[in-house]
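What follows is chain A paired twice: with chain B in the first complex and chain C in the second.
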Partner chain A sequence: MSPAHYGRCLLGVVEREGLRFINQRGRFVAALVRPLVWLLIFATGFHFVLGVSIIPPYRTYVPYEVYIAPGLIGMIQLFQGMQSSLSMVYDREMGSMRTLLVSPLPRWYLLVAKLLAGVIVSVLQAYVFLAIAWFWEIEPPAIGYLAVLPALILSGMMLGALGLLLSSAIRQLENFAGVMNFVIFPMFFASSALYPLWRVQEASLPLYYICSLNPFTHAVELIRFALYGQLDWVSAAAVVAALLVFMALAIYGYDPGRGMMLRRAAAE
Partner chain B sequence: MTEADASLSAKPPEPAAAPRPSAEEAALAVEELSHAFGAREVLRQVSFTVYSGGFTVLLGLNGAGKTTLFSLVTRLYDHRTGAIRIFGAEIKQRPSEALARIGVVFQQPTLDLDLTLAQNLRYHAALHGLPRRLAAERIASEVERVGLSDRLGDKVRQLSGGQRRRVEIARALLHRPRLLLLDEPTVGLDIASRQFLLDHVRRLCREDGLAVLWATHLIDEVDPEGEVIVLHQGRILAQGPVGEVVQAAGASSMRAAFDALTRGAVQ
Partner chain C sequence: MPFPLTDAAAWCRLLPFAVIAALACGAARAETVLVSNEKGNSISVLDAASLKLIRTVPVGQRPRGIVLSRDQHTLYICASDDDEIDQLDLDTYELKQPLPSGADPENFALHPDGKHLYIANEDNSLVSIVDIEQRRVVGEVAVGIEPEGIGISPDGRWIVNTSETTNMAHFIDNDTRKVVANVLVDSRPRRAVWTADGKEVWVSSEIGGSVSVIDPETHAITHKIKFEVAGVPKEAVQAVGIAITRDRKLAFVALGPANRVAVVDAANYEVKKYLLVGQRVWNLAFNHDESRLYTTNGVSNDISEIDVPDLRVLQSVPVGAEPWGVVVRP
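What follows is the complex of A and B.
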C-alpha cells in the first residue's frame, strides 16, 4: 500500500461525506437551525435573566448571546460528531460501513479518515453559523475567525472520536433519540456552554466538578478563547487528551479480533 | 452425524478426483474453520477450496452459517480456529494483501442512495487507491458490462433493485479482484434480474478466470456444470462438482440430493 493509496482513500472518504452533506439539505438546515433557535430565542429570552460578569477572555460585560455563541458552536460539533459516527451503525447505513471495512487499508486509518471527513463538515457548519451570528452582534475580532480554526478542528476531532467510540461500544443506541438523551443533553448542559462555571460552582459544588471534568466544557472553552485570539492551555490539553483516549478506545472497539463487529454478529 | 454424512463429508479433497490447477492457484482456501458465538456453534470444521475460473455455489438454508462464513472471509471479525487463505495470504496475518484481491457483494444493500451511481463507484475506487483517471476508465468499462452506462449520473435511489445489484457487482470488480464473493445476491429480485446476474457472473468466471463463491438458499441457482458446497447447520455435508454430489447422494437432481443430505443431518 503506497502513500498515494492512503491519500486517495482519505480524499475519497472526505468527498463522500461532503457529497452526502450537500445532498441531505434537511440535515444541513437542521444543523444550522438548531443553534440559531438557541441563539435567537433562548438567548434573547434569557438576556436579562442571566447576567455575565467580566471573565476572560471577555474584557467588558458581554450580552448573553455573545456568551453562549461558543457553546452553540460546540453544540454543532457535538451533533455532527455523533451523527457522522453513529449513522454508520444504524442498519440503514451498516452496509456503507462494511464497504469501508473490507477495503485493504488498515482499519485504524479508515477510522481516522472517517473522523477527519466528519470534522471538515463540522468546521464548515461552524463558520456558516458564525457568519449568520455576526448579524446578531456576535462580532469577535477578525483574528478570532482565523484562530478558531485549529480549535474547531481539535474539538471536532475529539467529539467525532467520542461518536466513533460510542458506535463501537454501545449496541443499544439504535436511534438518535437515545443518543440525544444519554449523551448530547448531559454533555451540553453539564458544561460551560450556557453558563460560566463560577455560577455553577455557587449553585452546586458536585455539578461544578462534573462540569470541570466534562470534555465538552473544554472544547467550548477552547473555542471561546480562540475566538478572541487567545489560547486556553488547560482546555487544549484536556481536549487533546480526551481525543487520544476516545480514538484509542474506538480503534480497539473496531478491531476485528474483538469488539463490536463480533458482538453485533452474535446478536443477529 | 450419521454414517452416511460422515462418509460424504469425509470424501477425499477434490484435487485427487479431477484434474485441477495446483494448490498455489487456490483463490480461497478455508481449512478447519470453526466459529461460535458464545455457546452457539455456527461453523464446525468447515474446509473447502475455490479455484480460479470456478463458479462455486455455497448452498444452505437461512441460518446455515453462510453470512458468518462471509464475515470471516472478509475479516469483518477474526476467526479463532482454522485458516482462511486468499491466494495464499492468511487473512489474519496479511489482511491488506488478502482484502485487495477480494471483491464482495454483501447480502444487504451497501450503495449510498443519495449519491449518483458514478459517485458511489468513485468512492469505492478511492478506498482501493485507484488514481482518478484509471478509476474513470474502469468505472466506464464495468458499468458498460452491466448495461448501465446511461445511468451513471442518476442517483442510486432512482434505480430498480436489480439495477442496484448490477452496480454492486460492477463496483466489486473495480479494483480487479481475482476472487468475487456474493452473499445471497439475488434476494428480492425478479426472475429476469436474477438470470442477468447469474449469467453475468458465470461469464466473468469463464472469460476472466475469476474465482466466484456465490452463497444462496435457492437450489436452482446451482450451476450444473459448476461446483457446490452444501452447508447445513454450520457443517459441510457435501462438496464437489454438482454431478458428483448428486450421484454420491444417490439422487436424481440437486434438489433431491439437498433434501436427502439435510434430512440425514437432522436425524
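What follows is the complex of A and C.
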C-alpha cells in the first residue's frame, strides 16, 4: 500500500461524510439550532447565574452567554461525534460499510479516516456557531479564533472516538438512540459546560468528582481556554488520554478477529 | 515596498520611531491608579499598565472621596469618620498633616486654582471651603440635607452641590458663596459632573436611576437619561458615578447594584451599551489620555478596567475592602 492509497481512502471517506452533511440540510440546520436555542433562550433565562466570580481564563466578569459558549461548541462536537458514529451503524445495516471494510488498508486507518471526516464537519459547524454568536456579543479576542482550531480538532477527535467505540458495541440503529440518551445527556450535564465546577463543588462533592473526571468537561475547558489564547495543560492531557483510550478500544471493537464484532457475529 | 528585514540601514531609519514608541509606552506605564477603600481604611496603589497592586497605604477612617493636587504629588482623601482631609504624599507614600474639614466629609472637589477644596459635609448640610495653604476652613455654604456630590465649573465660577435627601442640585456662586439656584432632580442625587466645555452639568440620581442634564445658564434640565438593563430589576439600576470624555462624545455612568456601566452618546443622550463590571459599581475615573476607564466595585472589592475606544471590559482586579473613590495619577 502506497501513501497515495491512504490519501485516496481518506479523501473518499471525507468526501462521503461531507456529501452526507451537505445533502442533509436539515441536519446542518439542526446542528446549529440546538446550541443557538441554548444560547438565546436558556442563557437569557439564567443571565444572573454568573457575574459573581471571575474564573480563568476570563479576566473580568462575564455574562452567562459568554460562559456557556464553549460548552455549546462542545455540545456541537458531542452530537457530531455521535451522529458520525450513528452513520457507521446505518452503513452497517445498509451494507455499504462492507465495501469499506473489505479495503486492503488496515482497519485502524479506516477508523481514523472516518474520525477525521467527522471532525472536519464538526469544526466547520463550530466556526459557523462562533460567527453567529458574535452577534450576541460573544467576542473572544481575534487570536482565540485561531487558537481554538487545534483545540476543536483534538476535542472533536476525542468525542468522535467515543462515538466510534459506542458504535462498535451497537447492533442496531434503534439501540443507538438509547445510548445517545445515556451518553450525551449525562456527559453534557455532568460537565463544566453549563456551570463552573466550583458551583457544582458547593452543591455536591461526589458530583464534582464525576464532573472532574468527565472527558467532556476537559474538552469544554480546552476550548474555553483556547478561545482566549491560552492552553489548559491539564485539560489537553486529559483529552489526549481519553482520545487514545477510546480509539484503542474502538479499534479493538472493530477488529473482526477479537473484539465486539466477533461477539456480535456469534450472537447473530 | 516590502520592508527588508536584513537591511541594517532600514532598521536604523526606524530606530527613532522605535525610541519614541518605547518612551510613549514608558509614559503609559508610569500611570498609577489610586483607590480609596471605605472599609479597608486604606489607599490601594496599582500600576495602570499591569493593574498589579503596588502597595496598600493605611490612611484615616472611612476614606471615600479622593482628589489629586494640581501638581499631582499629593492625594487629598476624605477621611469621613475622622472628620478631616488626609494628605498623602505620592512620592513617599507618607501621610502629611491633615487638613480640617466640616463633619463627615464624604466627597469633594479641587477648585481650578488648585488652592481650595470644596467639601460636602454629609452630616451637617454644609459645603465647607478649605484653603489648602492656610490649612483652615475659610467658608461654609448652607445647602440641602445630606450634601453629597460636588462639581466645579471649568472656569471655577460655579459650584454645584447635590443633596441626597432634598433631591436638589444647588448652584453656588463662588464669588458670593451664595446659592443662586436649586434644581429639583430625581431621588437621591449623587454626583455632579461638568462637561469640559462648561456648557452642561450632569447629575446622577441613585434611587431615581437617572441622569439629569442641566443647562448651567438657565438652570433648567434639558435632558433626562434613563437606564434599563434587560433582566435587571428597575430598583437595582442606580446611577452614581459619571465620567464624560473631554470632547463630550461619550459619557459613562456607573449603575450601582446593576453591576453595569452605561455608555451614553453624550451628543444625543442615548444609551449605547451596558458593560458588565463588578458588584455595586460606584465611581469612575479616566486615565490621562482617556483610553482607559476605571470603576470601583464596592461589594465585590475590586476595580474594573474598561477599554474606552473598544467599549469593552478588559479585566477586574481585587483591591481593598469596599473600594469607593478612584483617580489616575499620570
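Everything below uses one rule, namely that the second predicted complex is superposed on the first by the 246 of 268 C-alpha atoms of A that agree within 3 Å, B and C clash if a C-alpha of one lies under 4 Å from a C-alpha of the other, contacts with A are read in each partner's own complex, and residues count from 1 in each chain.
Quick note on the criterion: contacts are C-beta pairs under 8 Å (C-beta built on N, C-alpha and C of every residue); 3 or more make two chains touch, one makes a residue touch a chain.
Computed from a predicted model, the values in this text were never measured in an experiment.
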Does the chain A-based superposition show chain B and chain C clashing or fitting? fit
So in the superposed three-chain picture, is A:T44 touching just chain B, just chain C, both, or none of them (first/second/both/neither)? second
Between chain B (first) and chain C (second), which, if any, makes contact with A:I54: first, second, both or neither? second
Contact-wise, after the overlay, does A:N23 reach chain B, chain C, both or neither (first, second, both, neither)? first
Looking at A:V62, would you say it contacts chain B, chain C, both, or neither? Reply first, second, both or neither. second
Have a look at where A:A142 lands relative to chain B and chain C in the superposition and call it first, second, both or neither. neither
Counting touched residues of chain A, say whether chain B or chain C comes out ahead. B
Looking at the overlay, what does A:A203 touch: chain B (first), chain C (second), both, or neither? neither
After fitting on chain A, the minimum C-alpha spacing between chain B and chain C in angstrom comes out at 40
Both chain B and chain C contact which residues of chain A? none
Looking at the complex, which residues from chain A come into contact with chain B? 1-2, 4-6, 8-9, 11-13, 15-16, 19-20, 23-24, 91, 94-96, 98-106, 110, 256-257, 261-262, 265-266
Can you list the residues on chain C that touch chain A in the complex? 230-231, 259, 276-279, 300, 304-305, 312-316
Using the touch definition from the top, list the residues of chain A that touch chain C in their complex. 44, 47-48, 51-52, 54, 59-63, 139
In the complex, go through chain B and note every residue touching chain A. 37-38, 40, 68, 71, 74-78, 95-97, 99-100, 102, 104, 106, 108-112, 114-115, 119, 122-131
